[in-house]
Amino acid sequence: MAVRAAVAGASGYAGGELLRLLLGHPGIEIGTLTGHANAGQRLGAVQPHLLPLADRVLAPTTADALAGHDVVFLALPHGESAAVAERLGPDVLVVDMGADFRLADPADWRRFYGSEHAGTWPYGLPELPGGRAALEGSKRIAVPGCYPTAVSLALFPAYAAGLVEPEAVIVAASGTSGAGKSPKPHLLGSEVMGSLSPYGVGGVHRHTPEMSQSLGAVAGEPVTVSFTPVLAPMPRGILATCSARARDGVSAEAVRAAYEKALADEPFARLLPAGQWPATGSVYGSNAAQIQVALDESAGRIVAISAIDNLAKGTAGGAIQSMNIALGLPEETGLTTAGVAP
Amino acid sequence: MAVRAAVAGASGYAGGELLRLLLGHPGIEIGTLTGHANAGQRLGAVQPHLLPLADRVLAPTTADALAGHDVVFLALPHGESAAVAERLGPDVLVVDMGADFRLADPADWRRFYGSEHAGTWPYGLPELPGGRAALEGSKRIAVPGCYPTAVSLALFPAYAAGLVEPEAVIVAASGTSGAGKSPKPHLLGSEVMGSLSPYGVGGVHRHTPEMSQSLGAVAGEPVTVSFTPVLAPMPRGILATCSARARDGVSAEAVRAAYEKALADEPFARLLPAGQWPATGSVYGSNAAQIQVALDESAGRIVAISAIDNLAKGTAGGAIQSMNIALGLPEETGLTTAGVAP
Amino acid sequence: MAVRAAVAGASGYAGGELLRLLLGHPGIEIGTLTGHANAGQRLGAVQPHLLPLADRVLAPTTADALAGHDVVFLALPHGESAAVAERLGPDVLVVDMGADFRLADPADWRRFYGSEHAGTWPYGLPELPGGRAALEGSKRIAVPGCYPTAVSLALFPAYAAGLVEPEAVIVAASGTSGAGKSPKPHLLGSEVMGSLSPYGVGGVHRHTPEMSQSLGAVAGEPVTVSFTPVLAPMPRGILATCSARARDGVSAEAVRAAYEKALADEPFARLLPAGQWPATGSVYGSNAAQIQVALDESAGRIVAISAIDNLAKGTAGGAIQSMNIALGLPEETGLTTAGVAP
Amino acid sequence: MAVRAAVAGASGYAGGELLRLLLGHPGIEIGTLTGHANAGQRLGAVQPHLLPLADRVLAPTTADALAGHDVVFLALPHGESAAVAERLGPDVLVVDMGADFRLADPADWRRFYGSEHAGTWPYGLPELPGGRAALEGSKRIAVPGCYPTAVSLALFPAYAAGLVEPEAVIVAASGTSGAGKSPKPHLLGSEVMGSLSPYGVGGVHRHTPEMSQSLGAVAGEPVTVSFTPVLAPMPRGILATCSARARDGVSAEAVRAAYEKALADEPFARLLPAGQWPATGSVYGSNAAQIQVALDESAGRIVAISAIDNLAKGTAGGAIQSMNIALGLPEETGLTTAGVAP
């Protein structure tokens, strides 16, 4: 019997990608779709690419509208998930694609989000050590941020193997869909085409503590993160260029071996053959993270790079992957590592 | 038992898209993949987005390598299909994604391609009147050109209903993948980004006679076509803006009714709700043609616009759709109308 | 002594391009700059590319702020120019980059703009027959719309020489800056990158009567226009593909000769060598219109294509060109036919 | 009397941009233009945006063709400049836009370029301490690489003030024109649009030693550089994100003061107001480097970011700026800090 899923926030980019993927998931029946400003409209008017669901009408985002489903995905603005989630009952699997339940330390939350901390849910990045166990059978999932997904997958093998010092330097560029669908002047096509623009520079981006949290847990010691996000002239994709000082005596062979070991059995986090580097164009629409690593002996640093689709593996695909684990379905159900290219 | 399919020309854009779609087709087992310059290489080296097939090795394109399959897809340069096809045997379903077998009139072929005509195969555009019947059980399929697919789907309802005069004016812009993967200066990213550039202007583009052929068959009289193709700064997609003088007394209601009737049961050629116009961004990676039509009463013309993905519905998706019909599978198997957006 | 110029609407795209060009104009001193929502801000905050003017502060758009200049450029929303212009005095050269004074027929204005007609000013397209004479010494200039500029330059030689019938079919694609800087969902980078989307289809775009007006004046008879605008994934540029049925007996040689004659002495409307087609990438930032024409003998149509920069020749460059004529300066002052490419 | 300049390599991107800028330089008369594969062609056929020079014919690149000019710009493939330069005579100002004469240490040259070192010429980055003095009156100029220009301008104030440790981590993304005009598969528009792809990772990019050389000279001690270049989906522009560990006790105020002091009088290296970050879209076609800096106190690092146009300030504009100094012309002649946007 199919699992029935509702999607709150179906008119945004994350919600739209989730629906696209759920349409190809053999075990899911798509139930209620909700929106805020677009409630009452046909989905076809706001997501014209989702023809199979074009005639669905968006309900307002209320707990009543979301009741009666086995799974509820929340693609809501930060801070709005808790109120909805607490009315959904403990037997419903609630998958939050917002930030509300990602951080373990309330002080981090207050510092970066400026409000009260809602709590901490099992973290939906199965590839991290212990990641799958935390999700199996869970009724609550906090989907990671898109940047932390890319960064954690690129660097956790190095920290797990003790190859690098606990200071990571990260420059990650994202396609514009990561900034959402609300119209703002700096997100106009005229502004973004042909332009790379950094933002949130100097340690103030909200995804920074999430990266420290995940890498620190793997390293077994605090990891400081210098993170610079960049808006890139493309609709989707994150390229995360991550580096850290190699510990003394670390060899290129040891680096390669550590990554091969950490990623050997991962269906979606894929180490490329030596010499081939990831590109966001190769993961468009796919749930794969393509990863490569090198040791720069002159600079004494390990450089690890990952490419993901911010909406797929970085949000909606990662959400489905974690849902599959929580529901006891095969982890790869409804997901693919084949991208749409060119 | 799965149908076993080979792909000749697996390293190009059409071949790559075909493989991406075949990976999601439940009735197909992907067999031999061949290439020309890339023979001997891993597919992962030339199609880095196709991770599930990354370790497949490209064979050279020979009849021997292609033998032993139920279906053989040919994604070869124009003029090379006939030699391969004739060695494949009459029981193998051969789907030619090149131009060789599209035109019925040898004079058209000689004029536009400058060589001897290889023959005419059943035409893989099921939406045209009589289109499905021609494909059922066939062992040979000529996949239409990408531009003729977009144009024929936009205009055939008007010609089928006798609404317009037999002179069509078409301006169609295509993403760069339509120009193939061979590196040429004018196809460099530096050249195409930020630029719209027409080519093949004045009736010389090779897809022109194919449009006349299809529209003329529907109209029951010769249809002249003024066709201007434009290279657009995007990787995929065709937007075809088509118009023709309305016959006397044609009303907007009659136009709408004709399109609704012609497209009512089509799974992939979809008339949008009145007032919503197609955009190529909505059909990226999908097999849908989105279509809209208007009557411009001041100018006395019907304007019909379609948007397709040139590699999907325009080539590889259309090929699979026709294959499904030829094999007796449900026509929609392995195909979707949901695009990848944004 | 330098001519002192004010710019009303300096924070938009047209105003910004005008300032960029005026910075390179040796005869102009840039005076007051005004804005609406951005009044009080540094120009550097809203036009970060205009470093030489970064510390200028935007005044509110009032007649008082604009007083005391020799030239006032109005880059205001449609309908706002008349109120400002009438307070500026008859000796000030007022150059309106909006639509208010372009149309001669009040009925056209009411039909397409829905308000009362403000009047008709000399039309700033010097290349049209009689165009320069109308501008010399004038104190009022209506700058043409960007699409009509591209279309009129492509087709007027054909109409002037009586080569074509009075029914033109035009498909013109524009970069997103033509849609302005106000944030709207469909103009987001995520939406426009990778997508071609038509709009205003079926004779409803406001630039349609302006095209009919200019071409009709050249032809000496009414010219109907079927016009389809398309939003293209690039920040700037218009490619206008224009065609009309050739009159009986018109030869390719006659077509070429007519265009050579009409454009022979034009500094900015340039007929390319035979066989070379315009591309918007070649006119980025330039005041040139690149033009090419062909006779499609099979279809019986003349196809003329022009490429312009919608903000330069299509708006701000055209405004300066007309201003130069009105002021008695050499027409090319401060303008170039060299584009920024790639 | 105008200075007469020849350009060797006029058909490439660097040569084309140089010509565009020289057209606006009041002291330069453009003389001989040479090409290699395109010798004998009209410039209009290979640089269709340079209408003012469209009828110039490309000569072959020989010393004879280049003789008789006051200035000769070399935009040739690496390794070809020395042979041409030595035949031009000591009184001709030779400006090499290639790499041949940039590096001081022959061992660096051999390691990264694999051939014999041709020598070292005065380095064309006037903003560096002592930079102008080295260029005044010089008859030979080595124009810096585009990445080293961006990186040196972003970081030299920090090293000059002793604020950071001698280990810099740099991730710099470039538009595709930086990869040149020779058609290669990975540079096709289909491949680059929508994709960010790293290359030359792990310390192997040829611009790495040039960065170490410049920063080390400023710091007074060796500076190791971890450099990751990324190909970005845009035709022009470099965004260089640079960071280094702050020395103990360095405050945000000290950082700001150091940058304000170092860049106070620079016409082209411009520190933005606090809080405003550079974007490549703001320097398109301009000779400005836009720079911003922040101290990330949590991570203990200074993050400095610069945006340049790789072809303008990064190559051809920088070449003209240095030429102006060498010839005793005002440094800003023919150059602008106003970009073309959007």
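We call the chains A, B, C and D, going by the order they appear; numbering starts again at 1 in every chain.
To be clear about the criterion, contacts are C-beta pairs under 8 Å (C-beta built on N, C-alpha and C of every residue); 3 or more make two chains touch, one makes a residue touch a chain.
Treat the numbers as computed from the prediction; the structure is a model and nothing was measured.
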item	value
Pair joined by more contacting C-beta pairs (C-D or B-D)	C-D
Chain whose mean Cα position lies farthest from chain B	D
Centre distance in Å when chain C and chain D are each reduced to the mean of their C-alpha atoms	35
Separation of mean Cα positions, chain D and chain B [Å, integer]	45
Contacts with 2+ other chains: residues of chain D	13, 175-177, 188, 190-194, 233-236, 279, 281-282, 284, 342
Residues of chain C that touch chain B when the two form their complex	167, 169, 171, 173, 175, 188, 190-199, 201-203, 208, 224-228, 230, 232-237, 239, 241, 243, 277-282, 284, 292, 294-301, 303, 305, 307, 342
Residue ranges of chain B in contact with chain A within the complex	13, 16, 20, 23-24, 42, 44-45, 47-52, 176-177, 193-194, 235-236, 270, 272-273, 276, 279, 281-286, 288, 290, 336-342
Chain D to chain B touching residues, read off their complex	13, 175-177, 179, 181, 183-185, 187-194, 233-235
